[in-house]
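Next come two complexes built around subunit A: one with subunit B, the other with subunit C.
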Partner chain A sequence: MSISTALPEQAPLGRRIKRFMSDYPLVPLLILLVLLVLVLQMLSPGIVNQRWIANTIKFAIPLALLAGCQTMTMLTGGIDLSVGTAATMAAFIVATQGVMYDAPTAMMIALIPAVIIGFANGIGVGVFRVHPLIMTLGTSLIGIGCLQVYQRTVIASGAKVPEFLIWLGTGVTGGFPNALLLFVPVAALLLFIQKRTGFGRLLYAIGDNERATRLAGVKYWQVILALYMLSSILAGIMGLLYIGLIKAPSLSLAEPLVLPSVAAAVIGGTSIFGGRGSYTGTIVGALILTVLTTLLTILQMPEGARRMLFGAIVLLVTAAYLRIIEDR
Partner chain B sequence: MMRLLRQQGWVVGLLALFVVLLITAKLIQPSYGAGDFGSLVRAVLPYAFAVAAQTVVVIAGGIDLSVAAMMALTSVTAAALMAGASEEFALLVVPFVLLMGFALGALNGALIVFSRVPDIVVTLATLFMLQGAALLVLNAPGGGSAEWLRNLIVGTVPIPVLPDAVTPWFPKALLLLVVLLCAVWIPLKRSRLGLSIYAIGSNQLAAFRSGVPVARTKILAYAFGGLFGAMGGLSLTMSTGIGAPIPGPYLMASVAAVVLGGVVLGGGKGGLLGPIIAVFVLRLARTILTLLAIDPNVTAIVEGTILVAVVMFGAFIAMRSRAR
Partner chain C sequence: MAEQPLLEATGVAKRYGAVSALKNASLTVLPGEVHALMGANGAGKSTLVKILTGAISSNAGRILVRGQERDIRSPAKARLAGLVPVYQEPSLIPDLDVLSNLRLTRTPVEPFREWIKELGVPDLDLRELARDVPLAIQRVLDLARALAVEPDVMLLDEMTAALPANLAERVLDVVKRQSQTGRSVIFISHRFVEIAALCDRATVLRDGETVGVVDIAPGIEERIVELMLGAKVEKKRVALKEANEELAGHAGSTRIAVRNLKVGTKLHDVSFDLKDGEVAGVVALEGQGQDELFAALAGSIRPDGGTIEVDGKPAQFHHPVDAVEQGIAYVPGDRTEALAMQQSVRENIALPFSAAFRNWGPIRMAREGATVQNAIERLQIDTRAQREVQRLSGGNQQKVTIARWIAADARTLLCFDPTRGIDVGTKQEIYKLLRQLAEQGKSVLFYTSELEEVQLVCDRAIVIFGGKVVDILPVQIADEAALTRAAYGLSRDSKAEVGVLAEPHSAPEAHP
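And now, the complex of A and B:
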């Protein structure tokens, strides 16, 4: 990035910029986001308008919600790969139960599996000390299996996505997507939890040094249980929003977003080993990935080349970003 | 003997579980015999190589999320090269694809070492790249496979000293699997490099201070993972006769079998035998559920439950032994 090109004789300035960027890790991310939007505007002039911005935000929000789950779990050094399943289950169940019940009841029913998955994850990781990667992978397998069985029982009744969710997922009011009504409070809550509550500080503490935290008298399993349940419920809510956006329930609705959600959190500066990161960075990371996807789509490359570029850019950005914020 | 049992307790337990499952299969379906065992081995083949790839990397303290994409890329490359080509040409294709897997694996390792980005993120990125490359090679399932390559895994191996009744229980696919895995794994494990791989997985800092070339070892561990991945890709082409650019369910299965096989995520412990038996157990469990005429969708639930239960059990034992 710009600092690495600084000439030797300008070293003090270069170091000052670097110091500034490592103090405010959000700045380089925002610069990258603006750069991407500028490139997009250059490649296809006139594309960046109010409607495009609303659309981008609309598609970035589900990703940012899932990446929120990853950010929270990564703070403790964990990861939650079952978010895709929790979200898909919520989405599929709300669409099929929407036929029989009114919207609020269907939504409550749809969140039950997410709660169960989160509880199982929390017990496995917190009490039995199973590696989070394995535990969430296992519960995700079980969840998908249950959903397949469930699908057979409702195959005849058809599906109906509640009007409210469609309004929330796709609607735009005065240039602002309605999904912001859900996202802004959720994001504010997550940030509040991370920065201002004892629970949030415990997350950072566990990620930083789990042993020390336990020796200090923290009930490790309680924190982990609460964390994974929170993550899973958040994923369930994302599923409800996402079905409103996509409108077609399927058994692999949110799965393609799982790996990008990890990427978004990592690009946003959350360390996968725990102890460092913040949700603000993750939100910008999700925006960057969404703009990047648009950019690669309008380049009209074959699908294969697009995926290769996506992978390469994610790796490049992460490596560059780690250099910036770590070399003090 | 007792020492061996203690050291290999987990593997012996898995083997016993496998035998119990085999007997169960026989009880449920009296006609379950050598032919079914042969098809089980053929079905296991790509999984086994994926598991081997994951095992090497996990022992070195890493994790490879790109293993399924690596198999897809090597499989389509082999299928595209062999389509319409002569039988002899395939003799060149096989080493080329294996070399490609080795090189791409080494690239994975080099990216991890030089970018200083965590393994899980780098291999996540290479997952997208390899998947994209596979789509560029073939954008729909297609290609072909040489006849002799396909015949490698069909049929059984006649063993002269044993009676005819035993012969059908030795499918060629099993022989191929054992020979290939042993040919790579045994020399690797006995070499200085193998020791270094265990060392960096166990404690990277201690290994570095004892003079182990950490960067080189890590790159080579990923390269061997890539080599096993390429074998898995070739076995896919062998068994289907074509190459498909969309990765199969091998990533999840490989991680599951590695953990079931007693290799600790985080590195430094375990061997290759455990995970390979574990993958047989998982596949056989699936066959039994099919024999029981259980809804195939329930199979996924059972598999997930087995995975979670066994891992919890293992973690519980580890906790007990720590407490003592």
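And now, the complex of A and C:
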């Protein structure tokens, strides 16, 4: 430290910007999103139009829903890797049961496995203290196994995705994807839970200092059980939406979205160590990843190179972002 | 001054966004002196220590070591310059054993062993995980670690705040001897007894500015307090009510009755009553079972024997929630156990409100806001950095742990050294607050490592030694000397010599 010429009142501009960014962590993310869109527009002029925007949103929504599961669980220092399975099972079952039952019944049946998976996760993590990574990985594998068995029993009857789900997944009304009808209320609910409910407060507090919550009279297992059930049900709902978008049921429908959903939450500023983060950031993170995918597709690179680039960019963005918002 | 200062800092400033932690701090330390750094909670003492030891960087100011300007940008550079800190928060990495912690900081092990023996912790297993070491011992280890690298200037930030008399005594002794070999020590403490017994001069900070440097002499305390707070504070005995003791003091019905309580290997046989409307002090040296007693009453560990009755009914606590539901709240001695550091002050204070399943729903923000605000005001929490509790000064964090249960309106408070690291002004407020609670018919069990507090707040003092209650002193005779004797397991009429901390007005050189 030497004699500094700057008076303490006039912190250097760089510092002030950092300050601002760390107070409003959403700002750098939005800037990044806009930058990506601009690059895209430069690479292939005219691509960014209303249809493109509607399409991007349509594909970002399922990712954002799964990333919602990760955000909620990550707040407590956990993670939910079984969301892919919960979603795939819901999707597969709704398509196959859709042949026999009407849409609402099929959808209810389709959500049962999600509830069971969530319950198992909650008991494992909350009561038996299995690490969430292992627990949810385990239930995920078990679930996929069950789905394979189930597939053989329904192989003859074929599949039929309920019309309503197709309308919801692919339809666009007045330039807005219908999926927003599902997403906006869900996102609002998640944000409300995080910011304005006792349950949300507990998620943050548990991720921050579980011992402190215990002394304050919080029963860990209750919160964790509720949390993982919520996460699984949300994943199941996402599966219903996603099958409406993709229309072809398969045994690995939502699986490719699991790791990106973790990435979206992390890019959005949620800490994997718990205690920090918000769903707003996650939504922007999901949009960033979706735009990035489009961008890499347009570059017409071989698949391998594309994935490498995708991974590298995610790493870079996360590291840079943590740098920016962290203050010392 | 003829002597060249060992360390000289001038014009040091540090801002965090809109918050000025330091505005214009200066500090001069002469060779061989123990220099007190004083100031109210949030005055900037810890910030200054962190700047001087390279943990954070300042926005302005210059630092001279032995007359030469030094660039202290990292802890390593500070160590090279001979400046070694003991920070306010324990710094051992909890998940490593003590030995690995030493290796990590390249601390020579043999000197470290010598020092911990010297400091009164002879039987420590270096293989023990740091998280299993009690807070007070962790602090001693932090000190030993600093001593082992033989620094020119040691900066001790509330090193003694968590220490009971026997350990604090040793620390003061060792620090004093350090200074006699020409090394200097910067000593931060909110306990005037220690300052008087140890320090030569004091620099006083207020709101991030140095407002005075004084020589420590008998009677200087008032002047320092005035500098610190910009106002006078009277040390009042808020507890005394001898006149109507029979009427008020013991009229309350028994709230908690503890009988033959046994917990682990530390607490053997403890029985006492806590009545409605009283503040009962608990006094003990380090490791006499007081931690276990409080943990058992709070439901966080299970007793191995004996009974606890609440309002005349036997109680079995399986989880802290069982105690909380009975209106028994626990303020742990280690604030890191109680606080969610990344959450805001409000969220921390309001934590118990959402704990039960029935309260998981929407929060009534306005009502919660008012309750929290009220608690913040009652404890005078400095909320300039309230967005994250970890940004508050140590004393303000401590206040948050108490404010939580004031807001939750608990019927019984189990306070384990609640005033640790809290400045004189606020301490008086907390004493008043505890008395008010008692007047409202609530009850407080109050462990303190600062014996002076017993006569300031308590109705009587329960003294524990070797895991047993050895004496219950009425407040009138519970002065520091009597308490210290009792805490060492000596009988009331023994006249043994018990050390400087029991004699607040003794001159510094009266030390044995």
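Convention: the second predicted complex is superposed on the first by the 316 of 328 C-alpha atoms of A that agree within 3 Å, B and C clash if a C-alpha of one lies under 4 Å from a C-alpha of the other, contacts with A are read in each partner's own complex, and residues count from 1 in each chain.
In this section, contacts are C-beta pairs under 8 Å (C-beta built on N, C-alpha and C of every residue); 3 or more make two chains touch, one makes a residue touch a chain.
The structure presented is a predicted model; accordingly, all values stated were derived computationally and were not measured.
Undergrad: Please tell me which partner, subunit B or subunit C, touches more residues of subunit A.
TA: It is B that touches the greater number of subunit A residues.
Undergrad: Identify the partner contact of A:C146: answer first if only subunit B is touched, second if only subunit C is, both if each is, neither if none is.
TA: Only subunit B; A:C146 stays clear of subunit C.
Undergrad: Let me test your reading of the model: by the given contact rule, A:G217 touches which partner, first (subunit B), second (subunit C), both or neither?
TA: It touches subunit C, and subunit B stays clear.
Undergrad: Report for A:F128: first if it touches subunit B alone, second if subunit C alone, otherwise both or neither.
TA: A:F128 sits against subunit B, while subunit C stays out of touch.
Undergrad: Quick one: classify A:L137 as touching subunit B (first), subunit C (second), both or neither.
TA: After superposing on A, A:L137 lies in contact with subunit B but is clear of subunit C.
Undergrad: Under the stated touch criterion, which partner chain does A:R276 make contact with: subunit B (first), subunit C (second), both, or neither?
TA: So A:R276 only meets subunit C here.
Undergrad: Regarding the shared-chain residue A:P104, is it in contact with subunit B (first), subunit C (second), both, or neither?
TA: In the superposition, A:P104 contacts neither subunit B nor subunit C.
Undergrad: Should A:V262 be classified as contacting the first partner (subunit B), the second (subunit C), both, or neither?
TA: Once the two structures are laid over each other on A, A:V262 reaches subunit B alone.
Undergrad: On the A-aligned overlay, A:T318 touches which partner chain: subunit B = first, subunit C = second, or both, or neither?
TA: After superposing on A, A:T318 lies in contact with subunit B but is clear of subunit C.
Undergrad: Would you mind writing out the residues of subunit A in touch with subunit C in their complex?
TA: 1-4, 6-8, 11, 19, 23, 192, 196-199, 201-202, 204-205, 208-209, 211-219, 222, 226, 275-276, 327-328
Undergrad: Could you please specify the touching residues of subunit A with respect to subunit B in the complex?
TA: 79, 120, 124, 128-131, 133-135, 137-146, 148-149, 152, 259, 262-263, 266, 272-273, 302-312, 314-315, 318-319, 322-323
Undergrad: Applying the document's contact rule, which stretches of subunit C touch subunit A when the two form their complex?
TA: Residue positions touching the partner: 13-17, 20, 23, 51, 56-63, 69, 71-73, 298, 300, 319-321, 324-325, 330, 332, 336-343, 347, 350-357, 359-363, 365, 404.
Undergrad: For subunit B, which residues count as touching subunit A in their complex?
TA: Residue positions touching the partner: 63, 65, 111, 115-118, 120-122, 124-129, 131-137, 139, 245, 252, 255-256, 259, 265-266, 295, 297-305, 307-308, 311-312, 315-316, 318-319.
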